[in-house]
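Next, two complexes with chain A in common: one pairs it with chain B, the other with chain C.
Up next is the complex of A and B:
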């Protein structure tokens, strides 16, 4: 176990200065219970001590906002008296240790955040990052993480409607598993977490408490923990979706019956963080009797009970007269419930065992007094990330072979092998399934719908943290626009390396600035999110990965856009707000090109105008398909559109507008990437009526016609042509083939 | 050979809990500490390879313990209680 010469606070991740501050706040030495609780509440995960100052830049006000950052989940108004609550959260480290349970409990955790605010979960999306799929470890992580997500989501009856997966060497040592959930609630059921009313009772309900995920705090037991004492070791968290389903129904019935003052889920740092945050928000104190907490295993120490991360538990505050009614509802749902403490006006969080105080801390010291650090950002002088070797077999001038190979590459190939393991239609709200439209679309009772997208290209953020993050936000908005939806609110999960390193600090600072500017440019508030730092082990930091989840609304579910060509004879138009470029693109990566230092300058006004033009066209029914051009550029997007509709197209590349497009080399025109580019199809007259607003640098050009069973692209030097089968085979089989190759290498 | 796989002590065992709740509902009283694992039966030419097979495929050593017994019931090897 730990070296006896290292003080416990350092092993728990507290600096000497932080420990001195704790001494000062308490006026004495903390005991084991207090030290373990401080170490968790003052961790990056709970205190955001390296990111809080930056996060203040993000806009958090908007016309549809009902509940902003600081609650278990944010919520926006979707009309008809209904609200949508949503949030994204990381479960990176547990997933690296045990991918199946790590990803499963990640889904369980984010679902609890949703029903803790009184919303019924209606959808899950996942954002996953792994090393190259040719590696056996990446394949293992992918298969088990996807299995865990499916296991939890499918079992509890919440559809997994979308997500994204990227494979990059930078995630080899540190996979990312981010889960987003959405829930629906009548406005008046939205619930906050603040504990109020001294004398009110604290009730813990749900699963029993065991030694799950105690992690670093187990050092406090080191005196008693020797090799024969495996029973006392912290254990991997195991998800139990059926227990969560009962917890969900129980929580919503308690709220509907108006039995609760407030409700909070237990996540990271367990009872410690949920209780102290409830007390802090209410400006009150709490007494917790750990000997009343129902335990799964005997002999747990008070500190273990306070920091346990056992899943499927909730904490609520109840008026004394309603406790019996609360316990009765819990019994109906076969959910263990116990009164474990009281709200006090002491301003202290006290932990009691057998009536004896074993921990006593001022709530503000735990929650608010953690020092916040300024970052020391510095742009790195030399490239941070090694350049991967060339993986593309097609020669640079063989564009005929390049497109099929690109369509079968890891980041572009169809995600069908993954999403077909998920139930995406349970609850019967899903009107656009994965790969049918650019965003998932879920219908609301009044006939309108919400659309949701999750996205971030870490490689482009690595090339340019500011512009890469702006792109990620606009990419989500573009996805929404293709279904006809207008953004209402944004959630994010900032996955970065160690912020104490200057170049990571620079990535984080620039990325948050980019997110703030992009949100302002789109008039979209951030409703909440999550920060996951220190994602580096062995091979250096991950690509900076500010995952963006965007929720929007469209007036008519029946008019939600699709991405595939719909009708032979339709005209095809390209809407373009920026010129494509190859550096940092998918093709450049596969060719083994180094990451550029910076992405091209962006005109956010033009990007927004492109998004609005497409959204309005979809809403009016002027276009029969709409697809945003992303990884792999125009040629890949045209292939996706053709394959999704089962219809070919003939395109005249020389008609694609935009002042600088035509002067670029052919490979850059075909495969270069840029935000704000769309392919739409529909009747020639209606497409001809699509006009960019005056004074905006936005090109709208009719470039071809839908029909046949080939995709042909005429350019100044000739014509490239592929049958749909030549495109479909690599796109459909690419991911499966890559994973199979990894299996063979393993043998 | 038989490999007996069981959830590690202390880890959440939803199957065991479900059985523990279901038995009293059927009138069987006095049941506690139910744990549900699984049994793998296999013939192997070289039983010395079994622990490696367990660690790599048959068992998830993060959350499960295992015990190898020959088919006549004599214990052959066990990883119960071993450091995870």
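Up next is the complex of A and C:
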């Protein structure tokens, strides 16, 4: 605001037309407090002004849905009077600027969303994207983002049960840190954020309000990153998991004691967005006395108090007669709590200091009247992303060397060095730990369980935004099926570049269309999510990355599927709904092949049939292992299954069914990728009984047997064979070597 | 009999510990600000990050009103089990020998480990076999047990080491692979791994249950 030549509203990120609209809504010029509040509420991060129109396509109705988009988190019914609330959210730009605190406060923020709806957080998952790990900056970001996630999640006692990490050059300058959280609540504790009852009291509790993170959401999350990012470090917030642990226990005790009318967390845009959204949902007004807000430092301006993004704070509405009881619970948890305002019937958000009105805005103007923009999508005529040079050492015809090298590559190697830094057992619900099954499984009190998976291959979405997004949704459903779970609801985090650019607008438009179609094909509603745009820098946009988080339920926790071979002598079957292909695969990337223009079209009916066949077989106990084939294709999935069980296998590739499988080159059969392919093992009779529904293009073939300590794959031209050690060593070392390297760089 | 499980602000594993205790006996959560131990027969100081562990692990919790009562209870011979942060707190309180230092890698590590039982004639391990390997998860950043040479020799000579990491599994760098030690009197025991997370075949192994059952059985034997 210091530059006299540029009007204040433009410095704050508002266009001239948006400013004119504010003048119109207020009937006068906004003062500095009002302008800063408008600039946040009308930022991309808060108003979704470039994505809201598209998001209307997503299905949001389903038989298990209890709370849909618009609340702090969505929620689904899991039976027995219990609900699971969940949501995924991005913290990309803060993490690019300061990865440890950026990632830590990302976890803190999503956890607050969960307990703001009255649910006790029971699990965290993370979806991370970095540049190629050959770069020192990428390794630094990885090491510190993982450290930050662990620091926050471990300290607050919520298990980190799953996640995914991909390394691609398109994320070099703009890493992605998406955090998903799940919580559990009795139906009647689910809480909405609407402020009701004029005369009720607004109580702010939790950490003190400071100057940290001022304008974080608008400055960081609503514009492209540039070279001066180091200057933005003060806009990143600092997390305090101990404060949040107390805040969490305090919030749940307040709700259990029936002391609150409504509850809301303070996230991006701080008090401004939390209060105006509460008022908007209740159709009422609020008076906030900024001089009553407990401050970390003296002399803060009213606008600073209203926009501060200090972490670990909550806002609640309380009936006047219960205020003392609320303050007593907060005192028990050593959490500062202060009555800072009242609910009014004015329909205005008024900011007062020493009794003087220093800001007065109609709530609908702040919350609803931000203009929504149509995108101007245009499919790019030339490739958006440069082709990376070949990284694979193995020659194209040396498939013997290709498999171990793929298993040790950054996107496929074991994630153990990362997930061992997370507590995945606290709260005693974790039935399937990381790398035990394709999805995390958490038991519920009635003996049933929920399964959860988070996934998205940005490279495949970059090759084909529509089909790549359909694949991401089906991939999560496939992961759930391998544990025996049926999807109940989906959350997403749409990470894209600058939507004002036509080719990014095209990616976003196609991707949302794919998400909507895939959700309909699986009868699964979207319960909420988050959009993160402007993820680009001088090097261009990130890969379009619509991260999907899927939550499902299985009837018996004890029968949850595992991915590893279980018993020597078991038969192995491949279930296949689509033919594998190399373009856009992991192998193609490592070979330095260009991204294709489009992915093969898939029959979503066959994909769904494959998922249901696997799910039902796992539920009946007909299979002793189930694993979905993903990055690296069949040979990598067989290796993972063998290593997880500590048992080898002999496979006859000529028995793998599917109309066009056998006509493909050997490398494509082994390493080609396609959705809807599974490896299951079990008794020969039970596997032989697995049949595709009539009229569905789904091949079920018995292809081999479990046993020994080698993986051997017979094909028409001979047999490839590896000892388990030859596969285990690169797979176990791939990521660990990179992380150890990062630690050394730090010293 | 009844276990009392302590809860400080920042404790994370108290409900898990309570559930584990309830598999063998009764259990009740005790609040850090109270002094009343409510007549419990044994104390579990569970894991987590008491008071954020901000000054030094366990350093603040050790001074809480409830801990003063626990220290008296321990001095009178009552059985006290400290797990992870609980072990750290008991060391800070001077109830157990040695100290916990940051892991050798300086990283948080969550891993299922095997622990070798060194003695079975104690209130904490009487349900185990001599030399038996217990599969129990460990998860911590500050779990490298250390004692100066003379103290360590004393601890070994007195047979106070009840559990050691099995060969090759001492990821945190603990001296002499020590995973758990008791006091000289044998009624206070602390370990870094989490037996309360090894009590149900659904979520892992059940070997941890043996420690809770041992406490119950030793108290029953004294009645």
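Going forward, the second predicted complex is superposed on the first by the 712 of 747 C-alpha atoms of A that agree within 3 Å, B and C clash if a C-alpha of one lies under 4 Å from a C-alpha of the other, contacts with A are read in each partner's own complex, and residues count from 1 in each chain.
What we mean here is this: a residue touches a chain if its C-beta (ideal position, glycine included) is under 8 Å from a C-beta of that chain, and two chains touch if they have at least 3 such contacts.
What you are looking at is a predicted structure, and each value in this text was computed from that prediction instead of being measured.
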Touching partner for A:384 - first (chain B), second (chain C), both, neither: neither
Partner chain in contact with A:557 - chain B first, chain C second, else both or neither: second
Partner chain(s) touched by A:681 [first = chain B, second = chain C, both, neither]: neither
Touching partner for A:443 - first (chain B), second (chain C), both, neither: second
Touching partner for A:421 - first (chain B), second (chain C), both, neither: second
Which superposed partner A:296 touches (first chain B, second chain C, both, neither): first
Dominant toucher of chain A (residue count), chain B or chain C: C
Contacts of A:334 with chain B and chain C, given as first, second, both or neither: both
Touched partner set for A:242, first chain B, second chain C, both or neither: both
Footprint overlap on chain A, comparing chain B with chain C: 240, 242-243, 334
Complex contact set, residues of chain C against chain A: 9-13, 15-16, 19, 48-49, 51-54, 105, 107-111, 137, 139, 194, 196-197, 200, 202-204
Residues on chain B engaged by chain A in the complex (per definition of touch): 8-14, 17-18, 21, 60, 62-63, 81-84
Complex contact set, residues of chain A against chain C: 147, 150-151, 154-157, 240-243, 245-246, 249, 333-334, 419-431, 443, 557-558, 743
Of chain A, residues touching chain B in the complex: 97-98, 101, 207, 210-212, 227-228, 230-233, 235-238, 240, 242-243, 296-297, 310-311, 334
